[in-house]
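Below, subunit A partners subunit B and then partners subunit C, in two separate complexes.
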Partner chain A sequence: MNDLTQSTLAQPKVVGQRTPRIDGEFKLTGRAGYTGELSVEGMLYGYPVAASIAHGTLERLELDEALAMPGVVDIFHHANFPRLHRSPNSMGHGDQVSEVRLPFEDERIYYHGQYVALVVAESFAQARAAAQRVVARYRQETGAISSLLDGAHDSHTEGELLEDSGTTRGDPEAAFAGAAVQIDAVYHIAAESHLQMEMHATLAEWRDDGSRLVVHESSQGVFYQRNAMARIFDLAQENIEVISHYIGSGFGNKLFMWPHAVAAAGAARELGRPLKLVLPRAQDMTGGGNRPASRQRLRLGADRDGRLNAVIHDSTTETSLVDRYVDACGSATPSFYACDNLAVSQRILALNHGTPCPMRAPGEVSGIFALETAMDELAVALAMDPVELRLRNYAHEDPESGLPWSSKQLDKCLHSAAERFGWAQRDPGIGAMRDGDEIIGYGMAACTWFAGRQPCQARVELRADGTLFAACGTQDIGTGTYTIVAQTVAELTGVAVADIEVKLGETSLPTGPLSGGSMATATTLPAVAAAVRDALSALKEVATGHGGVFAGVDADSLTVAEGALSDGERSHSFAEVLEAMRLSSVNGQGSSAPGEEKKQYSFRSFGAHFVEVRVDPSISRVRVARVVSSMDIGRAINPPTARNQVEGGIVMGIGMGLFEKLDYDPRDARLINANVADYIVPVHADIPEIDVELLDYPDFKFNEFGARGVGEIGLTGIAPAISNALYHATGKRYRDLPVTIEALLADHASG
Partner chain B sequence: MMDDSVHSPTRRGTPAPTLNVNFTLNQQPISLEVAPNAVLLDVLREQLGLGGTKKGCDHGQCGACTVHVDGQAMNACLRLAVMCEGQHVTTVEGLAREGELHPVQQSFLACDAFQCGYCTPGQMMSATALLNDARIGSDDAAVKEAMSGNICRCGAYKNILTAIQQARATLADDATRRAGEGTP
Partner chain C sequence: MRAFDFSRAESVGSAAQHGNAETAFVAGGTTLLDLVKLDVMRPAAVVDINALPLKTVERLADGRLRIGALVTNTDLAHHPEVKRDYPLLSQALLAGASTQLRNMATTAGNLMQRTRCPYFRDVGSACNKRQPGSGCDARDGINRMHALLGGSADCIAVHPSDMCVALAAIGATLTLEGPAGEREVAFADFHPLPGDTPHIEHDLAADELITALTLDAPLTLDAPLARAGSHYLKLRDRASYEFALASAAVQLNLDGERITEARLALGGVATKPWRASEAEAALVGRPAELASFERAAEIALRDARPLAHNAFKVDLAKQAIVRALRDATRAARQGGTDTQESQA
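So, the complex of A and B:
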């Protein structure tokens, strides 16, 4: 039997194996407690009143009728909400928030949906009914900036140029000017909504005469919220607890706290009663985060053989008037293709929107749309197969850092996905492939997402009842973190997954990372593994000490297998070891952090998507019929949940490509489609055949588990693969997302 | 500018009128006092503590609140609680029987047909309804069309479809077995 003490995870038994989610039954029976359905004794309900204008001043609130409504307890607003402090809003210090302006801070209206009052009542229905009777009088002003893409902002000289967000190598302008083949195009992507199924929700409860605050929040980062709340309410961190056991997903908009949580906690303190606030969907969409619209100019210069000698990527993205968000579109570009002359620049333009925030694959997904569409345009200009163009410019080391890749299998992704897709059967002629009334288009794109790690701590207990317990203050947003933590503990102890309890999502637990950036797996598992080893070490100490079942045996000689210690002759279960000493448990602490490896290697995941679209020109209908993808993500800890992540990213990419657009009225910057019917996302009937392959090349240079993370990469590259397939089908180059039926109709009419 | 006289934390609005409603919930008779404007979804979640039925939009647009009313899949956010008088309402909490997961729940677990789990109760309630609906075909296209009122933003649609078709097979096997046991 293998000794798990010496396990290197090179040949794991549980890690990398299909493992049903350990939280699955709770979710499937309705017993998983998401924030919005929690309740505590004496709880009140809050319902915000949101500004109906985007630009102006709140002149007055008429509250008499609302205050007289059944069950209404109070209404908070600028004149009576307690004066609080702002968060320092620092990523490095862990108190970043999504929007630094406090609720009701002033009477200026910066965006549609900004909170102007909070109605508090005894029931949800009462709070909502009363909120609808609050009358707000505004002085609306002209000149609201509605969108980067509203036609009034066509210049690339507008907005603030971020000097520290750019990079340059070589002499890109000269190289571009002298290139034999040039591509110079502008790409627009509409603002998107995360539209996570569970709206932002807070349940705030002050305890011990208001000296302690317990907050349940649907959050991707409980520690960031705790730290920010400590600054905002001027409390010691240890007097605040933030809890998030189940999260109805987030996709980035629950990474950092929003003002609704401050409003809820402030009102709860004033009233001396717990308060629950679940944002209505419209407010979740106006003020709960969005992916900002982007405008990108991409210039590619190449020789006649298709070798890139210039890449210039200039981006402008939106931010708000009350905070500063940068969606770094060009961040993947310097590392994508081998090219000696490159420049990336970034601008931001402040406008009358709720503050944008990271949305799944932030920045890079937008940049990759521009880059990978431009690469397709270059392939067309060169009359070269687009797969061949990508292989010809393959970056065998990271061209930006000059470091070797830890593990890069993009070539295998391209070959494998092309083979499964049947790319060789593609007739490159425009509209050359037909099936009845439908034109078939084939398109492809490469994709990438960086691999990162954060510091992390974890705790593991071995218990006398034979079960194990693992705890870490990260979150499971639906990616399967609960389960991979249990797999890790099972792998290193030989105890069955069913006998392992996992606790996440509390600031009382050891400090864990944000659930974001595809970093949670590579961050959390090494800390859990360290905690397991520490606990096993404690157990061996107990076992070999005076009165222990292995008294006098050298602790280092004991081996671990199947939940037991062995000296080669005798074997005792963990429980027997503990019971012999009358112990309830032993504890192990573990921590991990990124180290020297970042100086030696560059870490990125790569992949390739191949897409078939079908266009019915008589009704300008586009459908994605097939997606075939290969992903190089290192090792998948739990292959079904990892594949589920990639498939979900592909679905979201179809939305980005064809459907999703936050529509801001160009006259007054009001969000027109702040509801789930008018903001269109893919539904069951939109889903094509999806064939995802996860290559199995564990990245042991990154961590001992070989995992690089999987949450974002599936989304990157889908939209350009779709637009490239549309070009193949129609001969029209679609550089603006989403490619709506209106755009197809316009081209059809003019073409 | 603000009139401070209207702000008083101790002030309370008028008492709320209620109506009595009687219906069957997850096979148990229930009698409730509810506000006339109380929505079934909010009564389930806030008054009865049945949080399995989710709120995703409150507008009948996302399907997360799907329940069965007299066997039909319906959006609980679009029904007043008082409309349920005399009806049979089933929520996700009523799917499992005697501690055993419903075949649809089992197949959702086996096929990993969810991620965050928030839309999942609604997906399963629509799925169980369509599997009992003779009007809806058994092919993938028909199932996808019938399920298109249930949004899954995590995008687990492929696995949801697989799970529904697997549950269909399980239910058919169970029916065959029961028929076999019934013969002498």
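So, the complex of A and C:
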């Protein structure tokens, strides 16, 4: 009998198998309580008043009418909100926040939608009605910077060069100057909204005479929020609990706390009652995070055979006037292709927006648009198949670190996706493929996302009723973390998934990682596995000790299978072992962290997207007709949810390519499409047939599960595959996202 | 949202009695509820008219089709007589909004639909339509969605309806009922140009209620031997659930190669459902071919006044017209009407 505890997970039975979400029933039946749905006794409702200008000063608030309205309890603002401390805002110390400025800290207005007051009332409707009656008088100033991409501000948009964010190897400028074939192009991407389904929400409750704070937050990082709140409210960390059981997605804007949560907790403390604050969509979009616009210059130098000898990638991205967010566009570039001469630089420009933050594949998705479009331009300049160009520059080891890859199957991705797509049938001539009114364009791009791990702890209980319990203070943001934790426990114990309870999303649980960076799977599962093994060791001690069912047997000789211990002759279930000793449970603790492997290998996932677009030039219409993708992500722990992540990323990539753009009025930097109708994302009719293949090459050099993470890579590479397909169809290079009807019309009008 | 009185009307007469400048009638609520929540509309009283007996579609003796004010967009789009005789209307309805919204939205409500101008919908912006005399933030703002035709110094907001574009081409009459009794208004006269009173959006008194919409007899009845074709084409930023950047509603009668009668209306580019009468006249007697279509498109957009961000819609509207004329011609030549849903 194979001993599960010693398994290398090379031949798993549950991990890697299609497993229905264990939280699916709760979600389908409405029993999964999302933060905005929770209520506690005596709870008040907060509704922020948001600045209607983006640049100036709040001169006066007229509150009398609002204060007199039914149900209104109080209104907080600059003059009466408690004076708090800022979080040190350190990633390393775990107290990073999304926007370091505290709410109501001063009367300057730095961006449209900044909170100028918080109305608190007995009901949501009363709070909203009163918030609409608060009259704010501003002294608006001219000179608001609305966008990095706003031509009116060219002299202001160079930005600040970040000396420590660049990298150089070889002599890229000289190599570029001497290259036989050069590509030198500038790419612009509009600012985007996360537009996650569930708005930011906080329910703050002070207990024990205000000495303890319990916060429910829709959060991708409960420990970061706890630590930041401890600093802001001068509390010991153990006196704050942050809870996030169910999250209606985050895409990065729920990694770190925003000012609304401080406003909610501060008001709750002042009033001595619990308070819930759910941001309305408009405020979620103005002050709850965005992907900043980017301007990138990409220079590629190559020889006539297509071998890259220079890559120079210069990026500028937006940040706010109240924090410094860096969207590192060039972070994947040094490791993407084999090239001896390379430089990456990064600038940031502060402007009158709410602070940007990570948004799914932050930085890299923007950088890969520029790089993979430039590679297509190079392929055209060389008259070379773009797949061949990528294979010709294949990085067989990480050119940045010089280390071998743990496992890289990009070549297989390229070949497999090309085969399934029918790339060989492509006529490379511009506009050469037609169907009725439509021109068919084929395009492709490679994609990548780094693989990382964080430290993690977990706890497991084996219970006398035969069930198991696993806990970790990470979160399930809708990606399926609950289920893969249960699969892990099931794998190592042989207990059915249905008999395993999983608890996540509380700071009272062992410290878990952010749900971000596609790192949760590779981070959490090894810690859970360690906790399971620890619990099983404890169980074996119990079983072999005095009075135990295997009394006198060598504990190390016992094996585990199907929820039972066996000495080879007799088998006793976990429950029987515990019952014999009248124990309710045995516990195990586990932890894991990245280790020596980082010194030996580089870790990245890679993939390839192939896209068919259909352009009807006589009516300026573009549709993505087909997407075929192959992804090398290591092992997929639960294939349906892993595939779902890639498909969702592809849909988001179609949005980035063709639709999504936060529209800031160039006159005053006000965001004018802060709603789900005017901010355009793909609807079902825009989403084509999507064929995703997950290659199965477990990366055991990364962790014993072989998983590298899958949340972000699907988004990277889609927009350039679309723009490259549009080039094939129209002969025009689309370097600005989203590709609008205006841009297509300009193409058509110029013939 | 402000507190408001709420009542249910039992009869058209009682509903009209409630009507005053502070009252809003609610049917599907697809415009009203949004705008009340945004504090853009602030009715002191809301009168629910859903119980009124205005939900039937009936054929009149003179061949016209009378549609009750409360017939939903979904029911109207799928009504057999509409699909047979007014496929243009059915197409236009189905090009609008989403299934869920069409299930709620009513015929009269669609006539009363308010603009999607972002400055109108944001109480922090200047808008003469929302607050007369406050100015127009759209004119020098992000006016990509705004009107090329029919605008004024005070307002360039686009009329958002698809249904109304088809109605402009088909021709229709509204029946209104108020304390003084019933009166009729031609559809073409119901939506005034904004001029210097953009807050006045309809020829409808506060104490009047729309009770019915009567479609002109089908174009085919006037020329029973003609081959008739129609097409509604909507060009927009995404494939569905999105307002038009430009749309064209076309009805044609052909006599062999030539156009004997033409109707052309535009959406997404004008401050009201826009009948392009001169372009229609220029089509009649011409061969149904590309050159005629392109000439009509030029004429239809001849008076366009592009703004900083919407100049592309001049070309886009021409493309919509040319393609809709072509597809209506194809439909006519196939011996009937083009019943496929507008895909664009």
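Rule of thumb we're sticking to: the second predicted complex is superposed on the first by the 745 of 751 C-alpha atoms of A that agree within 3 Å, B and C clash if a C-alpha of one lies under 4 Å from a C-alpha of the other, contacts with A are read in each partner's own complex, and residues count from 1 in each chain.
Just so we're on the same page, a contact is a pair of C-beta atoms (placed from the backbone, for glycine too) under 8 Å apart; a residue touches a chain by one contact, two chains touch by 3 or more.
What you are looking at is a predicted structure, and each value in this text was computed from that prediction instead of being measured.
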Query = So, does A:His684 touch the first partner subunit B, the second partner subunit C, both, or neither?
reply = both
Inquiry  = Applying the document's definition of touch, where does A:Arg621 land relative to subunit B and subunit C: first, second, both, or neither?
reply    = second
Inquiry  = Applying the document's definition of touch, where does A:Ala125 land relative to subunit B and subunit C: first, second, both, or neither?
reply    = both
Key: Touched subunit A residues, subunit B compared with subunit C   = B
Request  = Once the structures are superposed on A, label A:Glu742 by its partner contacts, choosing first (subunit B), second (subunit C), both or neither.
outcome  = second
Task = State whether A:Ala268 touches subunit B only (first), subunit C only (second), both chains, or neither.
result = neither
Inquiry  = In the overlaid three-chain picture, which partner chain does A:Val73 touch, first (subunit B) or second (subunit C), both, or neither?
reply    = first
Inquiry  = Per the contact definition in the header, classify A:Val611: touching subunit B only (first), subunit C only (second), both, or neither.
reply    = neither
Ask   = Between subunit B (first) and subunit C (second), which does A:Leu536 come into contact with in this model arrangement: first, second, both, or neither?
value = neither
First, second, both or neither for A:Gly649, with subunit B first and subunit C second = first
Inquiry  = Can you give me the overlap between the subunit B contact set and the subunit C contact set on subunit A?
reply    = 125, 129, 675, 677, 682-685
Ask   = Okay, in this complex, where on subunit A does subunit C touch?
value = 52-53, 125, 128-129, 132, 618-621, 623, 658-659, 663, 665-667, 670, 672-673, 675, 677-678, 680, 682-686, 740-742, 745-746, 748-749
Key: In the complex, subunit C residues that touch subunit A   = 1-3, 39, 116, 118-119, 121-125, 137, 140-142, 233, 235, 237-242, 245, 312, 315-316, 319-320, 322-323, 344
Note = subunit A contacts subunit B in the complex at 20-21, 23-34, 36-39, 45, 59-61, 63-64, 67-75, 77-80, 107, 121, 123-126, 129-130, 194-199, 246-249, 251, 270-271, 278, 280-281, 477-480, 640-641, 644-645, 647-652, 675-677, 681-685, 687, 690
Note = The residues of subunit B that touch subunit A in their complex are 1-4, 6-9, 11-17, 35, 37-39, 42, 45-46, 49-59, 61-62, 64, 91-93, 95-96, 101, 105, 108-110, 112, 114-121, 124, 143-145, 147-161
